[in-house]
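Two complexes come next, and they have one chain in common, chain A, joined by chain B in the first and chain C in the second.
Right, the complex of A and B next:
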């Protein structure tokens, strides 16, 4: 069994609906195009989309997905979410970050669907979902989240491969955050090199709703991550906090689409990562100020440390604007450790290569410090042992 | 005479083309506390950085010897591992690196400390308590969003953790409120007491010296060491500022004449400067 491979290609027309529908049948190897930004740039940059060649794989057993705690329906149908979506989104604004082809492929390979449905005004205990990738299979968890009016929900999800192996693993996340509701969503990926990871997120927010989305991508030979937030309600807001680490020959490919339709909506995308060895990363971030979103504010920033001359990084921050009363800014900070930081750290005995190793190890330490349960911490530590030769963040927590 | 722990021998240094230090000679014995004072722009911090091996500065002449070993050609990391420590006047923010990751990394450069596993944990807890700091700081990114006082405490945390042979404390007292100054002073005293620590303290402020027994005082003006004495020299400077060294600047570093550069020397009005100096001293006494 081999992990999926990919190539960057020139942009091509979208598949027809019939072709996409054909993807929703699990048969044979497929090449799908994912992570197209709303507005394309020079084809020669090869970042307008990415091709993922996915091998023929059976869907994993349902037991690959476990709801470790919290009030959620394991083995749910899509219908409850579809019904809530039809009511909340009559104009069809709901979209995913990876796109229709990924939606169809993930749907065809879903091992289990989990539904988190929080009633209006409620604030239940956090929900923990673990996806343990199955060797030689496509291990996909569909995660539907409905946070109804005035409710608060916290959902943690981890994709891990404690038994190693090869295959494809992924989350297909759909979220509806109702009026005045709050969603905290944390996704951690700690897969081994034998896996390709697909993380496709679509979310729609009502008036006054807020979503805090934290993503940490530490492993997998390929990580394809698409995230779309539709800020339809006035004064709705989203904070996206992404941490990533490239190591070995790993590839990371991100696509963020934030559509701000409501008045006085706010978005903040803050990506922070390190690229080591011969890893590569593309990050596309689009904030789309749609006509009528007066008073909207959007920020996006990608800060990436290049810890090796062999790494490749492309960042494509984009602001689309069809409204004059908005504030938007984007930026990217790309480079090696700055001289001032280097000087400080060298004065503490660290050589330049040790400083770069510190930044790489810090991604694991940060993830370990913020691990939401023991299994999450174990996944981070297993990967840290393999990549940096030590456990992460454990020096003050009973290290032997 | 016993060999000095640190010997700075005829050091000249420049930043780019601009000469800053001129023939500095300084010897610090083990366990001693030396104070380096001088007006703003005298070159005090530059001397600290040059001793530490900051590549921003070029040492054009002289030698720096630590425990009999010429370290002039060593880089900053090597000097740190040899036992030098510089507490930065403005500690640098390092986003993306939790404080505990940083502390683990720097301790790993000093195997002689034998601070692995639980010993490391125990030692960190002890120091945090000494510094009145919460363990929550360990999960925060290094110096990011820290107040000036918090940053200085993090410098003291490293000082107490690494137990260097010689610590250069560059304006460690600047920007601290009374409580923070008290904590930092106690940390410096603890370093001295617990490790027979050796200190080169760069400061404008004599308040921090109230907690320390000073062996020697050096005065730097325009990149030259112009005076040296025992602790009583600090009192002199406290009372009369740096005017006695040809510089019209009070102890707080406030210029009382702009005519300090050699190029402008002919225009220097000594009487006016003296009058200003006396007024500044009286004002300070009145406070």
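Right, the complex of A and C next:
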């Protein structure tokens, strides 16, 4: 008993490699476990992971994925990214937020792969990728992004279901951001309630690299979102800005894993959302300061507005720290409209329910303002009409 | 700032680390069997319901998994833990009747002196049995009951105990609650009648002397409506090269508009597996305050839980955990807000050094009933070197709309600017770091009675010895 015992940092093993391999074959309904954080807690809280029961679905036609603009390879192979990854990540730090089971399932149901490969020092026009979910199918877009040394890339991606229907839609995003490179990645999800959405992101950053990741999750009956960033290079950094809205009986489940290995790395995770009706949400956010990341800084925050008595919110903001020379903090603020705001708005003639609707609608308004093209704006407005009965950005009826 | 890192040297713990002979002690066989459970029950001449509870708990123990979410307890082999060790004496109510070596132990720990100075009553447990229990006459006259729980089981309070014992902490809760239910021995029963305000605290002190043994005391406290009690718990043990186990249980029932403070300075030896369970349930307008200092143990799982079951009830938790070489302490708290206008404030500090692992773990549950409630959790962790580890794993589950839940946590090291400021005024690096750590833990020590605050600060000083050069 001379050394302190180790803390468990993973729950029971996920599926065996053979079982995971079987997931890579598209046959039959599957239940997979996803979004396990690196450190777990009491199982009774039902927060350590989530089960996703996925029906037997054919992969959607390749045309479900469209590169609307920008320089990207539609119909790419995985090999170029795999080769770049092998070179950039000899120690195998690359991981995804949802985990191996989701990776395998998404791989088996990929409709099309898009490769964005930006040469060193280049700054091409933004790439726009649209995924229009196909009714009765699994519509998965694999999105590989390589931003080579000193380059800058902007990638917009939207998962939408303009034709309605039911099924599963998702993105499997892999990103390598080279030394001194910059990636701006924006993902918008505006699916109808007939869909389950999977968004699995894995990214690795080299020295001095920066990633800005904006996520907006507005629709889908169930959204399972896993995001992992490996800040391997010294002075690499990531800003994650997440906006979400729960409505109806929608479930949202997020898992963020930020591993800070490089010295003087920086991370910032800022999640803002509203939960209305009988929706529910789980958000796990882990910042892992790995031994040797001296001078690293990490912040995370989840701000949640609860707009109905039937909503349910779980938040698990985790800091893991194996290095003394770091600064880490996390916060969560969960509650109703604060009394000052409520009083101000009620004094101007709004009822409490109207105030709640105003805050819920604000998520659509924000998304509309930041929509990156007409199709993105159309998706936001279609969903806004259905959920709040107005177009995003329009005045609330009767609002003072 | 000089920042050469080094491992801390072993500190002098002779104040707590002394061993007494076990000659004449009764030890049951190591391990866990129904026969051992029956034997413990028979020795205590318990009612049938208690034996039934023990045997049922043993079944549950064998059916439940070992926790897989916290520190490893692989070094704890229940087949080698002796669950019952009885010193060669019965419970006494005056120190002069306590055998000399046991009395000497408690005198070295300052318990009789503390009783004379400022306590309303003291219970002292040595291994598996209480050896001393006494309450001041003035408290008795107010109707306060403070006795060994086994003694109370044979008196007029049996029915009350039956109605409360392991009702808050059930054997199904987790594996070590079940273990406790099977082999519990010793501990205290406190009953504070309606409206009685205890002017001075009661204290229980637990000493585990036996090598390779477990201590499983049960503390049951009922504070009736409008009453007020401060209860202090202390513990220590000598260090052995084999595992010892502490799996006690504390159940607190706080009545309407009652107030209770439960203070603990935990200083088990560093071969101890401390798998303790504490829980309070609070009625309308009641208050539970936990003040907790965790310094000892090899592995610790400790999360006092407050169930705010009455409207307008409140909870405050103030804790500090100091984890040094060979220690992996997983501490924190749980709060359930289950009534309107409840509120909870949680303020914890964690310090890790010399390869120690410190984890803050919490859960906050706000149920649908907790309208207009609020919770605030603050957790700050200080790392004193780059050999140590500090994790923060909070979880919040909110099911009510009109509530506010706030959580803030931070991790970092002692700032160079603070060290420079103190050292530029002639304070040595060692003293400066101790001062800063003492200041960091001040929110806890200021909540303790002076004598205990001094003890806690001494423990910090003890832990900081040898850290010279280790703070960067």
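Here is the rule we go by: the second predicted complex is superposed on the first by the 380 of 400 C-alpha atoms of A that agree within 3 Å, B and C clash if a C-alpha of one lies under 4 Å from a C-alpha of the other, contacts with A are read in each partner's own complex, and residues count from 1 in each chain.
Basically, a contact is a pair of C-beta atoms (placed from the backbone, for glycine too) under 8 Å apart; a residue touches a chain by one contact, two chains touch by 3 or more.
Keep in mind that what you see is a predicted model, and the values were worked out from it rather than measured.
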>> Once chain A of both complexes is superposed, is A:362 in touch with chain B (first), chain C (second), both, or neither?
In response: first
>> Quick check on the superposed pair: does A:39 touch chain B, chain C, both, or neither? Answer first, second, both or neither.
In response: second
>> For A:214, using the defined touch cut-off, is the partner it touches chain B, chain C, both, or neither? Pick first, second, both or neither.
In response: neither
> In the superposed arrangement, does A:332 touch chain B (first), chain C (second), both or neither?
Replying inline: second
> Thinking of the overlay built on chain A, is A:351 touched by chain B (first), by chain C (second), by both, or by neither?
Replying inline: first
>> Touch test for A:324: chain B only (first), chain C only (second), both, or neither?
In response: second
>> For A:307 in the superposed arrangement: first (chain B), second (chain C), both or neither?
In response: second
> In the superposed arrangement, does chain B or chain C reach more residues of chain A?
Replying inline: C
>> Residues of chain A that sit at the chain B interface in one complex and at the chain C interface in the other, please.
In response: none
> Which bits of chain C are touching chain A when the two form their complex?
Replying inline: 68-75, 241, 243, 270-271, 298-299, 323, 325-328, 330, 355-357, 359, 361, 363, 368, 374, 381, 383-386, 388-413, 472
> Within the complex, which stretch of chain B touches chain A?
Replying inline: 52-56, 75-77, 80-81, 86, 88, 91-98, 100-102, 104-106, 109-110, 116-118, 120-121, 124, 135, 138-139, 158, 162
> Can you list the chain A residues touching chain B in their complex?
Replying inline: 272, 274, 303, 305, 340-341, 343-351, 354, 357-359, 361-363, 365-366, 369, 393, 395-400
> What part of chain A is in contact with chain C in the complex they form?
Replying inline: 1-8, 11-12, 39-43, 45, 47-48, 289, 291, 294, 304, 306-309, 311-336, 338
